[in-house]
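Naming follows writing order (A, B, C and D), and every chain is counted from residue 1.
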C-alpha cells in the first residue's frame, strides 16, 4: 500500500494487528481489551504521562537511566536498584539487539545461554520473548514509571506486548529507529511500522489511556548538528500526532557547547509546538529530553563522571523535562547496576544544585536559537515540498535527496554527504553541509565558523578535524585540536 | 606486499563510527581495504575474503553480542579454504566490563589471532597488523 | 611596635629574621643568599609565576590539588602520583595543623608516631620540622611548580624554610589565615606576621626571584557572601603589594549559583587591579583562583564527583586562572592519592570540555557584578576610613566594628553578627547583614531576595534557613528547602 | 533531669560550623549546653565539666588529629573526679577514610562511651544522649 501521513482507519489497523501478533508465540497473549483494563489500574504515580506533566508544570528535570538484562528476575533487581540506590525518577527497559531486529530465535538462544552461563549474553531485555506476563512481572515490581527503550526498526510486536505489559511510554520512530539502527531497512517500511506503533498508542489514547511517546533524539549520537536532529524529532512528533498520540517527549543529544545545547533544546520545544499547531493537532503535551553525551566516552571513570555531570548541568540549565543518564562504565561495556546508580546519583546532585538556576540569557543565546530555528525550517519546508504536502512521503524523498542527512549513519538510505565538525568554541557546525537545503546566509555562517577554528589551529579545513572531533571527548576535551 | 584486508562489524551490530574511522586509517596506512560496513554476517566476511584474496579479516563488535556472533567463524574460514587467514577482533566484544585477559583467552580459543580491547587507537591495530604481515620496519 | 601599612625597612626586617629563625632548630638551615642562588636555578616550567602568567595570557584554567602527608618519601610519592595520574598543572604541599599553630614539638610526635604506626598521624606535611633539606627533597623531585598551602596565623618560620626549600608560591594572609583558622590570635599580630612573610617575598622579588602569593579566598568556606571574601582578598593583595610582592593570585570559594560565582570572580579580578592601581602599585600581575565548594560535602562519592564537576564548570566559565580541586573522599577524611587523582582527572575533563566556551553574558550577570562591586566598595571605603588612611589599622578596626565580618568564623576577633542564607536561586545573600556598612539600597535588595525565597517556601525568614543551607549540598541540593 | 553537657572541638582544630550547629540543636532539644567552641584542650573540657556539674562531655574532632588529641582524656577525667561522666566523640576523628568499626574500637578502648562517624546528623546524637541519660521516652 501507498504510504501517506493519514490516521489509519480502525479496520485497517485491526487487520494489521492480526498479522503482527502472529510473528512470535507470545503475540497470542495480547488481548487489547484486557490490556486497556490492566493499564487503567496502573496508578498515576507509575505513569509516564503524569510524571512528565508534573515536571513540566513545576519546571523540574527528571532523571532516567538506560538498563536492561536478559532475565526477568535479574532485570527487576537491576531496576529496583536504580530506583532505590540511583534515585531514578523514571525507569527504562532497554531491549536487546536481536529483539530489535525481530530475531526472536536468536534472542531465545541468548536467554538460554545467559541462564546456563550465569553471564548476561544479551545486551538488553528481550521483551517479546518474555511476553506480556514477563513484562507485567517487571512493571508491577517497581514504584516508578517504566519506558521501553530500544532501537527497533519494526517494533510493532514489541509495542503490542510491552503496552499490554504495563509499560507507559515507548521510545522510537520511523526515522530515528531506522537510520542510526539499521543498514537495509527502507524508510517506507519503517515509517509504516511506526504508524502502526503510533496508531496503537492513539488507540489506547482514544480509550482514555495516555501513553507517552518519545522520538529518539540523538540519532547516531556523534556530532549530529542540532538542526538535523531537531528536524527529525519534529517530523516524528507530527507523524505520531496524526495517528492520535497526544503526549510526546522530543529529544536532543548533547553536543557539548553550553549555548548551542541550551539553544537547541529551547528551539526544539518551540518549533515542535509551532508545527503541531500549524498542522492542527490540538491538546498536545510536549516535553523535552536531553541525552547526556552520546558519542565515545573516556574510559577513565573519573573523566566519565565529568562528562556525565556536564551533561546534567546542561539539562538543568536548559530546563529539559528529563535527562537520560550515562554511566562511568560507558566506554567499556554494559554497566553494572552499581555503576549505573552512580551515574544517576551524580546526575541527581547536579540537577538539584542547578534546579533553581537559569542560564544568563543574552544575545549569543538568542542568535544561536535563531540559527537553529532557521536551519530546521529550511529542512522541514523542503521536506514538505518534496512530499507535495504529505509529510511521510516527503521524508522518504528528503532522505533520498540528502535534504535530511545524518552523519555516521549505517543506513544505506541515508545520503551520508554531510560532514560535521566543531567550531572554535566547540559548537557543532557543518564542515560540509552536503545537500541540506540551507540558504546561503546559513552556509556562509558555518563556513566562517569552521574557518575561525582552522585559523586558530593553524591548519587547513579538512576531514582530519572531523576525526579529531570524533575522538576528542574520549581523549579528554571537546574540540579535537591538533597534536 | 601482503596488504589486503576485509573490514566489518559483525552480527546485528550497527555501530558505524569506529568502522568508518578504521576504514580511513587503514587505507591511509597503505592497506587495501574491503569495507563491508555494519551488520555483516560470518558468510559475508568469508565471501569477501575469498573474492578479494584477503590477508586478514578484521572483525569489529561493539554492541555486546560479539561472543555469540563470533562463534564458529574460524571453523567456517577453514571449511572455505581460508586456511591461515589472520583473524582479528576488536571493540566492546563482550557484554559489560570484564577482565581483558579472560576475554582475550576466550576469543583466542575461538581462533582469533589477536584481540583488541575497547577504545584501542588505530595506530596500535595498524602496527600489529603490519608486524603480523611481515611489513618491513620503518 | 605600632602596626602600619608601610614597607618594612631592610634592617628592621633582618633583625626580625634573627628572632624568627631561632624558633626551631631547622631555622638555622636558612641562608638567604644561598636560598636565592638555589631558587635562581629552578627552571621556568617549575615556577608558579611563569605558569600562572602563561595561563593568564592563554586564557587557560590550571588545576591544583590539596595534599600533604607527614613523611618526606610518602609525600613525594603522593605528589608524583598527582602530577602523573592526576594530570595536575600545579602542586601543593598542605601543612599539618600542629605546624600551623607553631606546635613543632607536637608535629615531631606526629612524625614519630606516623613512622612507628605506619599510618599518617598528621593531617599534612610538617615542613618546618623537615627543614630546608627536607623541602628541597620534595620540590626537586617533581616536574610541576609546588606551593605551600596551610592556614598558619604565624607563618614566618614556615615561609623562611619553604622558600629556601624551593617552593615558588606561598598561600595565606594576615586575615585569611587568622579569622577562619584561629581562635585567640589578635589581628594586629597576624597582620604583622604576614607583613613579614610578604616582606620576605618582596626581598626575593627585589633580588629577581619572583614568588607567587595567594591570599586564602574562601575563608570559612561556608556561605561566605562574595563581597566579604572579595574585600578580604583585595585588602590582602594591597598589604602584600606594599611589602614588595608583585605576583598575586586572588581567590574565591564557589558559592554555588553560576551567575553569582562568575560575577564574583570577574568583580574580584577587576577590583583587585583597580585598587592596586589606585594605591600606586605598578607592574602587578594578578591572577584568580576558584576553590571548588568549600563547605560540607556529600559522603557519596558519585555525588561528590558532581559537586567537584560543577565547581570545575564554574571555574572554566568564569575563566579563573586556576581551580583548587576537591576529592570524592572530601566528606570522609584526608583522601587517598587515588581519590585525589580522580578528583583532578574529573576536573581536567570538565575544564578541557569548557576551555573554549564562555558563559552567555547578559543583564543578570552585569547586575550581579554591579551588586558585588558596590558592596565590596562599601566595605573597603569604610575600612580605609576607620584606619584613617592606614589600611592595616583599618582592618583591625573594621573587624572590631563588624565592618568586616566572616560567617561561622572561630576567631574571637570576628564579630559574628552577619547571617548568610541563599535566595530562591541559590545565590548567597544576607539574611542579616550585621554591621556591614552596606547602603540602604543594597540592604533592601538582600531583604527582597531572602523574602522571595521565604515566600516560595511558605515559611518565615529564620535561622532555620541558614541551618538548612549549611547542610544542603551535603544532602544533595543547593538551597536548603523545608522537608 | 540530667541535661547538662559540655561541648567543644578538641586540640588545634578550628572547624567551627558543626560546633555552632550542635550548640543550636542540643539547646533546642532541651539540653543545657556549655559550649567551649573550637581549640579546646583536655583541661578546659574537664574544668568546664566540673564547674557546670555536667552529665556528659561531647568532644568534636574534625581535622584528623583526633586520635592524638583524645589520648588520656578518660584518665584525666577519672583523676579529676569525673568518675562516670559520659564521653562522646564525633566528627572526622581520624586521618583519612578508615573502616568505622576499627576506629570505633580504638576510641572505645580510649574510654569513650559512644563514637560517631562523619556527618552524623544531630537527631541521631540527641537520641543517643537522651537514651544514655535516661530521658523518658516521648
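Simple rule for what comes next: a contact is a pair of C-beta atoms (placed from the backbone, for glycine too) under 8 Å apart; a residue touches a chain by one contact, two chains touch by 3 or more.
Everything numeric here is computed off the predicted structure, so don't read it as measured data.
Chemist: What's the minimum number of touch steps needed to get from chain B to chain D?
Modeler: The distance in steps between these two chains is 3.
Chemist: Could you grab the centroid distance between chain A and chain C? Build each centroid from C-alpha atoms only and quote it in angstrom.
Modeler: Taking the average C-alpha coordinate of chain A and of chain C, the gap between them is 45 Å.
Chemist: If you average the CA atoms of chain A and of chain D, how many Å lie between those two points?
Modeler: 54
Chemist: Cα centroid separation between chain C and chain D, in whole Å?
Modeler: The computed centroid separation for chain C versus chain D comes out at 30 Å.
Chemist: If you go through all the chains, which pairs of them touch?
Modeler: A-B, A-C, C-D
Chemist: For chain A, which residues are in contact with chain C within the complex?
Modeler: Per the touch definition, chain A meets chain C at residues 256-259, 298, 300-303, 305-307, 309-310, 312-313, 317, 341-350, 352-365, 424-426, 473, 476-479.
Chemist: Flag every residue of chain C that touches chain D in the complex, lowest number first.
Modeler: 97-98, 100-101, 103, 106, 109-110, 113, 119-123, 151, 180-184, 220, 222, 295-296, 299, 329, 331-336, 339, 408-410, 463, 467, 470, 474
Chemist: Please output the residues of chain B touching chain A within their complex, sorted ascending.
Modeler: 11-17, 20-21, 24, 37-39, 63-65, 67-68, 92, 94-98, 118-119
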